[in-house]
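Look for chain A in each of the two complexes below; its partner is chain B in the first and chain C in the second.
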Partner chain A sequence: MSDINPQTAWQPFEPSKQQPWTTQRAAHLLRRCGFGGTIAEISQAKNAGPTKSVAQLFQSTDDSKIEKEMLQAGRLVTGGVDSNALASWWLLRMIKTPSPFLEKMTLFWHGHFATGGEKVKDSRAMFRQNQLLRKYALAKFEPFVKNISRDVAMLIYLDSEENRKTRPNENYARELMELFCLGVGNYTETDIKEVARCFTGCEIRKNAFAFNEYQHDNKMKTVFGETGNFDSTAAIEIVLKQKAAPLFIAKKLIRYFVFDDQPISNQLAQPIADSLRKNHFEIGPAVRQILSSKLFYSEHSIGKKIKSPVELAIGFLRFFEASTNINQLSQQLVSLGQLPLYPPNVKGWPGGRKWINASTILARANLIAGILKNPKTKYRDGNLEEWVQSHSQFQSDSLQWAEDYLFAVPLSAETKSAFQQTNPSNREPERILSWLSALPEFQLC
Partner chain B sequence: MYPKSKSRLNLYQLPLAGLQIRYLVILIALGITGPTVSGQQHTKDAAEFLPPSTALYVHAAKPAALIDTIENHEIVTHVLELEPVQKLMRSPQFAMFMLGKGLLETNIESSVIDALKTNMAGGLWLGLDAESGGAIVIFKSSDEAKLKRTIGQVLKFAATTAMGDGDQVPFKKQEYRDAVAADFGNNMLIARYQSWFMLSNKSGLVKKVIDNMHDETNSPLSDQNWFKQAIANRSDSDIWATLDLDAIRKKSGRGGNIFTGRTDNPGVELIFGGMLDALKHSPVATASVNIQEDIDFSIAAPFRTEWADEARDYFFGKDLEGRAPLVLQPKNMIASLTSHRDIGKWWLSKEDLYAENVIAQLAQADSQLSTIFSGMDFGEDVLGSLQPGIQVVIAENKYDEKYQPDIRLPAFALIGKLKDPKKLTRKLKIAFQSLIGFANINLGMSGQPQLEVETENLGDTKILASSYYYEDGTEEGLILFNFGPTIAFKGSNIVVSSTKDFAIELTKLMKTDAQGQSPSELEPNNTRIKIDGQMLHKILTDNIESLVVQNMLEEGNDREEARSQMDLVLLIADLFKEVGIDYDVTSAEMKLDLTIRFDDVSESKSSSTNRDE
Partner chain C sequence: MNNRRNFLKQSLAGSAVISLSGAVPDFLLGTSRKIVKKNDDKILVVVQMSGGNDGLNTVVPYGDDEYYRNRFTLAIGKSNVLKVNDHIGFHPGLTGFDRLMNERKMSIVQGVGYPNPNRSHFESMDLWHTAHQTSSDGWLGRSVETSLASENLPAIHFGSGLQPLALKTSNKPVPSIRSIDNFRLNVLRDEKVKKQLAAVIKAPRKTDNALLGYVHESATVALETSLRLQDFGDKQNGEFKYPQSNLGKNLSTIAQLIESGLSTRIYYTTLDGFDTHSNQGESHRSLLSDLGNSVEAFMKQIEAQGNLDRVVLFSFSEFGRRVRENASRGTDHGTAAPVFLFGSKLKQPVVGEHPSLQDLEQGDLKFQIDYRSVYCDLLTNWMEIDPRPVVGKNFQTPGLFD
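Take a look at the complex of A and B:
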């Protein structure tokens, strides 16, 4: 990554002879800012060009019908303590939504403000948090943090149902700075203790956030050098004023959208951090800058991320305009370690190369094979053969078709040769797709 | 690169869901060119040819009449007119099926239905062989020449279709003792001997049948004592079947199956436990099906008093004479189960009924429940306070006008009689209050509305009713299911109900004498279950939104598809008027009768499935 120039990395990408706007780049945009487009969506993005395609992501989509349906469905699946049905509901929403970018951002914030259903044991609280994440996904970060700090599911997850002045709960204060706003090394133990005092009096009562003024520490506190009788709102404002805050969020956004597993220097992230600060910590403009940048469409980014299990499954289903048994899909995602609403811990899913190991590589292939074999999987209301028959390129040249639309990187000569050596009588669509989805290249995004 | 999909009609791959189409086509085809003469020559029964190891024998003596009944049944006519079925019939898959059928009919020069009605005149049989695991379908034509010609036509058709698709002829012709056969591989073989036709998954089984057709000295199924005893009591039914339980038990072994007389599921034990004793001891079971306006299914097995396990006294009653309490019929009842069960005795006998792991779980539950019930022993003091005989009633629920819950569960109640109402009523009232208090602690901890208990006396009925307390305007988001646990006492009757209204309605249906005692009115059976089709339909309609969401998650359907599928379920549910199950046991026999009564479909159904309602 040393050859990335921080000065030019975030300049707008403009197609050129050397770096044309291709189907692969259009597909890359849709993979990163959603779960991957359909062939029609990729073609549409290809024709629209990068600027218009990115702009369209930020235009509001008329999803009032699905929003209404999903709200009603969400209410109906949140009858019990088990959030499994709610996880299925969210997966269904990811498949059906006309705004995949918004769901992708919601998934990002779910990993950022990680909250686990197995501990919260209140699916309605998880549902409300999920709605909150969606509402603020591209909005201003400060009110977002203030609201998440009052979110019932979050407070239960971080053992902050009670925070008394005689015994301030440092758990939430620590995570607020370490995981949500600043990152390790950008605060002191004293800051944690002082911020915890600001949060005293914050409680859950009647299944909702409540402020108990009698339990609030009304004495002076000193947070990051500022002294006053601060409450939780003031504490969040002071935390977000720190120089490290926009840089921390910028790095997380870059890691989510641009590449995994590479160190991101302050120098590289600073322009995005500056954008956040300039726009009063509004997330949308910073994400837009990332998605429009030279770096985003460069070889440093394309194919340099590993699909998370959710991206793998939802991307596959959305690409084929398919639907399947979502409850079964949820179970399969459990074995791959990424059932939404059940992050492994407060740090969320580590992502990157951690998704791949000896057991998950087989399980990922089985996930797609399972979807393909599932009799409940429907492809645009028909079967796979009918879907394939309406896409002549798949029939005439499956490999080229896959490279154009399904894969983030070109297939190796060895892979192509191996495919040519397979018995043509075995080239039924299901077998082809099972074979393709088991390739290492298919795991890249 | 990708091989083009086969556009030619391949009769053996017709996509008709759920049917083994190859079997069906061959059966239909062979039935088609049967005799049109009415004279029947079936002097022999297939039982005279089936091997002695046959464990299941099924016989339809008059298949033609049965087809006639089904074809003309008003429910079948109604179902075929339903829009979802009509839609299916307009699908390309159904068109393919009809094309295949049409080709067959052209070859055979007869319609399928007419041919089926006039063929199989000699009877239709199904046998399952315990020794080989093979299944065989046999039917008899009274015109050997036509049967022979039909087989030839079917085989020719199959060969032509396969070769047209570039495949090999899908069968190998074989001969065995004057019988001709075609082996299709994949465990499918058809054979003809004289006017008998056979279809099986095991060639060895077909050979045994053909051997028996030749050699009358062999010992077939009809010579077996168990079969002779079973068929001696054969009823005059459309379909009759008998099962050699001894053979099945030997085949299945002794470990971990239903023939050991045990189940690890407490619910299954409570409802069906006694039947396990029959499965453990009875040598044979018989079944009959009659299809007229209603469908009647009956299954019976010989039984002896000494076969009843001592631990199942709770189930059978003394000398097998336990009878279910007379079922209460509240307004808008959806389902009821009434049975002779001494649940106190059942709980105390659990160590003799279940495996160790289940006993451990029940013991743990016993301890926790005793705590909840204020130190009363759950088995001896709580369940033991009830006389034998309990019933469960489910009915439509009433909803608060100002709050309509998202999930509309029906009202339900458990009804029993106290052994000593004077002594026990107050103790149980205290136990109920403790139970609500315990629930309130948990509800309060999770921020849920809590239950408020009210006491009310209505004549000779004492009621303790609980209801959720929530402030006006805070209903949004609460899922209360219209649930308010209630306990009511009337004479010796006790009702534990999901709502106060339902408890009151049930107690009004109960009688007490001048001394406040309840007369013991009993059903003639040990267990009786009733399901009202129309009310079930209504409760499904009430919860359609929840069912649609479940369908979306299970089937991956979008909302409109899910709604469409659930509408079909509603339409099907709407066909049933009542489903009844009667279970009875005597010192000679154990019997279970299932009756399905259909609704009068001549009335318009459209209003009941209107989405806008």
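Take a look at the complex of A and C:
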């Protein structure tokens, strides 16, 4: 495999004889920018080509019907202390939405501005935050950070709801710089103490953000060498002016979309950081550049991520246009290590190899087998046998079919021959699919 | 004295063999015999307190007025402290620790930390996990690979979610297990097809995709470990009063696996929630009482098994908290804090001096004992593992063991 060249990595991918636009590449795009396509969607992307397929992601689709339904459903499931029902609500939205890209971005920001329902203990606040993440998912980062800093769920989660001038609480100031904007090593302990002073006076009153001027430290602060009587808004602006900020976000986006294992040097991330800077820290254009790039469609990227548990489950269901018992699904996701709205801590889900351990690898296979076994699972309103009957390629060669559409990496000859030895019968699609989805290859994306 | 223990071992070893000897091929039987061999090797159980435990409110320096000046709302009153000596005592939630201390089954190691403290949870935890080494594996992972590689199942992590970096190896991954009952491949009804599938999952891959290699290796370890543990199950023992908590459940399972004679040398589990920036009082109390009661029940069970002389439990956190409390009745990230050891071979109840509450560095305690010297002591004098490849060099040990 050739080394990654940072000079050319982000140039637009143009199909050529050596690097044609294949079903495999179309399926790759749909797996990464959403939760994987249906066969029809993959074929459509294959016919449309990369430029058009990516452009489509950024066109607004008419979501108004589902938006309205989801809003109503969201109100119905919230109000209580725990956010489990809301997590199911979100999974349902991921399955049903005509804009999976938007949900994928929302999930990215949920991991970035990680907030956990077990501490917030207010599902309505979690719901509002979820809507906020969606609203700003592809928008400008600065207003996003300002809004998230006043978000009730976040205020509770990082103890910012009661920040008094006498002895400021440092939790939010630290995570703002360490995890949200700059990354470790790009600020000092003094910066943390000073930014914490800027954030004094933040409170929650009547379930909303409130500024208590009597608790705000009205003296001069020095943040990153700038001195003034700064408040939280000014502090965020100074933090985001730092060179490290766009680079930090660029690296995180690259990690999310491109590959798990490769190190991301400053040099490699700089063009994406420049694109953020040039576009006033707007997220959409940077993501578009990533999804259109040579690197994204190269062997460095295809099959070089591990599916997150949500990607695994939602991807499987979307592929078969399936619906299943969603509460059961969300509880099973706990044993795979990712229940939305319950990240492990403020750093979110680390992803990559950390998704996989002895427990989760078994739980993954069991989860898919469980969906397949469940009589409540419906495949485009019918059963699985009916579904496969309408897909002639599955009938003729289920293995080739699976390699084309379901797997991001090829299966070895040994695996294929072992599969044939099990005497797979097209009459038993459940058996075939639970067999295939238990393979290590199925975990890759 | 050891009759009960030997009896249990023999009967468990026997039952494992009997239940496997029917339909199971010989090669499996061989491994299962090996993992329930009679065993006197030393065992280390690690309980990680995640989030940064407030050391000052865990082992309270009640003899120091400076403590009361800094902890205006959170201080534990002199009369409530469970006294260890004239200067320090336990948080009242730690009755479990208090009893173990009275039975001389625990050591407090004071002021443990490292130079140039990092106050980020993740960075500081990574330092503890890697022992300040630049390689990407953990200190226990390295111990496994350098000294315990010949064991069948050298280490197990019990818990949900992420595996601690401390256990990361470069080659064969350490298994993480949520619960033994759910730890099996529950796919396909036909046992023959299921066996074929397991064989295919385990079959070596010719691939240059390192990620696939890693998933494949993890799946192989999972299937092998699952087969080995299938006979044990999650049998909770009501005789020992474990709290109804994840920690209680995990420690109870670990005690049971130790009793069964499993050759595993390192067990690891976690108690999360110590990041107490606001309204610390009640949440800290419930965490400590979970910790104290779980550890006490565990030590009682280990003792009843006759395994007290071969098990040490070690508990630590990534950092302590700032001396002065904040305005939200909580504490922010700090530095040095005590660590705890439990067992019958410990030399002293209290190791080292409590760090000064006046001679501070940026409002934080100065560490007295480098955590790597604690690791060295555990490795050298307990596990009998060469510490040099694990922590880089030989640190002078604080003399934890008899």
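Keep in mind that, in the parts below, the second predicted complex is superposed on the first by the 439 of 445 C-alpha atoms of A that agree within 3 Å, B and C clash if a C-alpha of one lies under 4 Å from a C-alpha of the other, contacts with A are read in each partner's own complex, and residues count from 1 in each chain.
The rule is short, and it goes like this: contacts are C-beta pairs under 8 Å (C-beta built on N, C-alpha and C of every residue); 3 or more make two chains touch, one makes a residue touch a chain.
Note that the coordinates shown come from a computational prediction; the quantities given were computed from them, not determined experimentally.
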Checklist entry - Aligned on chain A, chain B and chain C: do they clash or fit? => result fit
Next on the checklist: Applying the document's definition of touch, where does A:A139 land relative to chain B and chain C: first, second, both, or neither?
Outcome noted: neither
Next on the checklist: I want to verify one number. Taking the Cα centroids, what angle sits at chain A between chain B and chain C, in steps of 10 degrees?
Outcome noted: 80
Checklist entry - So, A:K378: does it touch chain B (first), chain C (second), both, or neither? => result first
Checklist entry - Just chain B (first), just chain C (second), both, or neither: which does A:V334 touch? => result second
Checklist entry - Which of the two partners, first being chain B and second being chain C, lies in contact with A:K347: first, second, both, or neither? => result second
Checklist entry - Is it chain B or chain C that touches the larger share of residues in chain A? => result C
Next on the checklist: Contact-wise, after the overlay, does A:L71 reach chain B, chain C, both or neither (first, second, both, neither)?
Outcome noted: neither
Next on the checklist: Contact-wise, after the overlay, does A:I356 reach chain B, chain C, both or neither (first, second, both, neither)?
Outcome noted: second
Next on the checklist: Which partner chains sit in contact with A:E170 here, chain B, chain C, both or neither? Use first/second/both/neither.
Outcome noted: second
Item to check | Distance in angstrom between the closest Cα atoms of chain C and chain B, superposition on A | outcome: 12
Checklist entry - Within the complex, which stretch of chain A touches chain B? => result 69, 72-73, 75-79, 85, 88-89, 92, 95-96, 122, 124, 204-208, 322-327, 376-378, 381, 385, 388-389, 394-398, 424-425, 427-429, 432
Next on the checklist: Residue numbers of chain C touching chain A in their complex, please.
Outcome noted: 50-51, 119-123, 157, 160-163, 173, 175-178, 182-188, 190, 193, 196-197, 199-201, 203, 205-212, 214-216, 218-219, 221-223, 225-226, 272, 275, 277-278, 324-328, 330, 332-333, 362
Checklist entry - What residues of chain B sit close enough to touch chain A in their complex? => result 1-5, 406-407, 446-448, 477, 479, 545-546, 549, 552-559, 561
Next on the checklist: Under the definition above, what is the set of chain A residues touching chain C in their complex?
Outcome noted: 1, 158-159, 161-171, 174, 178, 184, 189, 260-261, 303-306, 334-335, 337, 344-347, 350, 353-354, 356-363, 365-366, 369-370, 409, 412, 414-415, 418-419, 421-422, 431, 434-435, 438-441, 443-444
